[in-house]
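Next come two complexes built around chain A: one with chain B, the other with chain C.
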Partner chain A sequence: MAYSDKVVDHFNNPRNMGSFKKDEEGIGTGMVGAPECGDVMKLQIKVQNDTIVDAKFKTFGCGSAIASSSLATEWLKGKTIEEAQQIKNTDIVQELNLPPVKIHCSVLAEDAIKAALADYQKKVGDKTEAAT
Partner chain B sequence: MKLPIFLDNHSTTPMDPHVLDAMLPYFVEKFGNAASRNHAFGWEAEEAVDQARKQIAKLINADSKEIVFTSGATESDNLAVKGVLEMYKEKGTHIITSSTEHRAVLDTAKSLEAKGLATVTYLPVDKYGMVNPDDVRSAITDKTILISVMLANNEIGTINPVQEIGKIAKAKGILFHCDATQGVGKIPVDVQAMGIDLMSFTAHKMYGPKGVGALYVRKKNPRVRLVAQIDGGGHERGMRSGTLPVPLIVGFGKACELCEQNMAAESARLTAMRNRLQAAIMEGLEESYLNGHPTNRLPGNLNISFAYVEGESLLMGMKDIALSSGSACTSATLEPSYVLRALGVGVELAHSSIRFGLGRFNTDEEIDYTIKKVIEIVTKLREMSPLYEMAKEGVDLKSVQWAAH
Partner chain C sequence: MPVLSEQVEFRMAHHTHTSGSRDIQMARSMCWHCQSEMSGEYFCERCVKVQPVSKETDYFTCFGLPRRLTIDQSKLEAKFYELSRAFHPDFYQNKSEAEQTISLGNAATLNTAYRTLRDPIQRAEYLLDLEAGSVKEIRTSPPSDLFEEILELQETMEAYRASDRASQAGHELRAQLIAEQEALERRKRDMEQQLQRLFTDWDTLQDRGDAGAQARAERDRLLKHMRDILSNRTYVKNIVNDLVATIG
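Up next is the complex of A and B:
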């Protein structure tokens, strides 16, 4: 299978690869997939005043999965929580020109975004609860 | 050194230039139909085919009349299994095969099963991928008419105890078919000593042309009969009709002759090269696991799983080296290699496997380059892997509740 130039670029030069400490202030972590399925994606966001100021990923998976998560971190940076919720896997498919067999890699990236946002909101929620 | 490097010699092999030289006169100049009995064009073609048949038969210690030409090993496997079943179905319809066969055998068996024409036993293999002859013996019933076990596996290179299986088959009067596609030309094959009654092989895995293969069909002790699966002019003793592709057959013959002449030296050279590749990779990278038998395997085969990284991304990172992976992400099915699964390799490690296939034209320089690249890319992808990170933090990956999809 031939990969699109964009997939190759993200694969060779992954953006924002790495990790934040999970318990750091303002960090939301999403981990989706399973090793048996051949793909696990970890996506983290760093939020300040409702805006995502930084994002990082680590991915075990094919080139398209790595590219999807790398792209997702690029897109997340600068977005509000609200805006980040709107990112759809189909946007990723379009941007990276993914063939039908690789659509699930983009679905995984969307799931990872959702999971990271949910984790952040849960943390914030827990904290407000604790405060009151 | 030229890039890309071809290290996928189990999928096919480049043709040896000497093979091409032998073939060339048979396209334009000597174009006759080997079945034309009435003129010099036909005689010339027939003579060339006879010569090739001898070269091929000699390599496997058969008689040249026992070679039936086909389009390749897939057709040979189909003809052997279906042809035997159709011929001997009054005696019984039970077939014994193994779970790591090539799909040309497995899917043939499954299709016969689905049509209700046969019952099939798929024998398990041990952790090295070997069939246990005792399992063959105990699977035999009074309805068994065929045992089909491969010589060497195309993914892990493991060599089966074919000679012992041949003995068991003979003692019970059951026909023994062997898919020897990966072994012929690479390791010694002797249909007499091994007790093989039918054997599939193909030219393009032994530096010959694509599109021609053979089925060895024993003529005495016992005389094996088959129902043809392609009807027509009655070529090849009535077992496979169709005008013979003379240039391909000439190339096949030459390829067999070259393999026979060079086998000892080539196998020693490839074994040394493969061992060097293996040692350097496994010393350079922790948690890399050999798949298949440590010693009893094809000279040019090396199959390794690299924990925490996925096979397709490895291939993508080594674009200038042609390799193959047992990962599901490279196949349409989403199931990783059934061969590795049959050895008991975990799904995770099956996703992380890479097959290196060394051949006649690989050089030491190419191996050096490959060693460097593999270590580089596995290290890079592990840095990128959340699983590697967790493992380093001491998390037991088996204990994690994964959100499987």
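Up next is the complex of A and C:
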């Protein structure tokens, strides 16, 4: 099976690979895995004033999983939390031209985004709670 | 799954277990050829025509085995060879096209079934899907410690690939990766042993056929535990494969 040009591009030049310190202020971390294929994805967002100013990822998996998470970090940058919630795996499938057998990679990326957002919101919530 | 059907299923499985593989109680309809009610296993008893394996027939039933995590391997093998002979294309050369298609389809299904049941892990994944729906439906909490470890290890591998293999740094990275590989393989073996114990517990519980609340809770607990270990094992297996490929 041949990968699309966009997948190959993200695979060869992954955007925003790396990580932030988990406990730093404004960082949300999403850690997800696909038990069926054994892929692991870590996606982090850096939030300032409700806007995602930076995003990073690390992925252990196939080319499509790497491309999906790389693309996700690109899309996340500059979005508000609410806008980021709207990103769907189908958008990723479309952009990367993923074949049916690789759709679960995009699902994993969406899960990672959701998990990172939830983690950020939980951290903010905990802090507000502690302050009151 | 409602409690009642669970009980019925249990009795059926138990029945096939005790009465041998020859007279499996399969939900069969009619013979495609003579339309008489089907009573045979893979061949109509009236017109002797080969019958297609129904899509609803699970792999265990195909081989007349009880739906359990621990199975009699020699029985599985013997039955597989017996059926492979029965559906061998050589015996269908002079038969109708319909019979050729059916026997070929059966042979393919039984091959997949045999490969799945032969491997204890694949067998477990298959049976758990049968008993409790797809793995995806039970969301297990991701083992973040293991994930961190995997991602870190991946970086070490990256560094090793980029390093000069003959240099001191290259040697050190290689030694580190070899040690990691051994540790992970030990962990994989531990997981498999743990699974083996859980398989026995699960089978014992199924054999009891108790549908009470306590048994159900125990069943759910075992199911989740097995799922967790099975998926963690997949992660470990993948990273070990990658390590092996990297170290060479």
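Methods note: the second predicted complex is superposed on the first by the 128 of 132 C-alpha atoms of A that agree within 3 Å, B and C clash if a C-alpha of one lies under 4 Å from a C-alpha of the other, contacts with A are read in each partner's own complex, and residues count from 1 in each chain.
Just so we're on the same page, a residue touches a chain if its C-beta (ideal position, glycine included) is under 8 Å from a C-beta of that chain, and two chains touch if they have at least 3 such contacts.
Just so we're clear, the structure is a prediction, and the values are computed from it rather than from any experiment.
Touch criterion met: A:Gly38 reaches chain B and chain C at once. Judged by the touch definition given at the top, the superposed model places A:Phe60 against both chain B and chain C. Using the contact criterion defined above for the overlaid structures, shared-chain residue A:Ile81 touches neither chain B nor chain C, since it reaches no partner. For the contact definition in use here, the residues of chain A common to its chain B contact set and its chain C contact set are 31-33, 35-40, 42, 58, 60. Residues of chain C that touch chain A in their complex: 135-136, 140, 142-144, 147-148, 150-151, 154, 227, 230-231, 234-235, 237-239, 242.
Across the complex, chain B is touched by residues 3, 8, 11, 14, 17, 19, 31-42, 58-63, 65-66, 101, 104, 108, 111 of chain A. Per the touch definition, chain B reaches chain A in the complex via residues 308-310, 312-313, 316-317, 327-329, 332, 334, 336, 347-348, 351, 383-389, 397, 402-405. The touching residues of chain A, counted against chain C in their complex, run 31-33, 35-40, 42, 58, 60.
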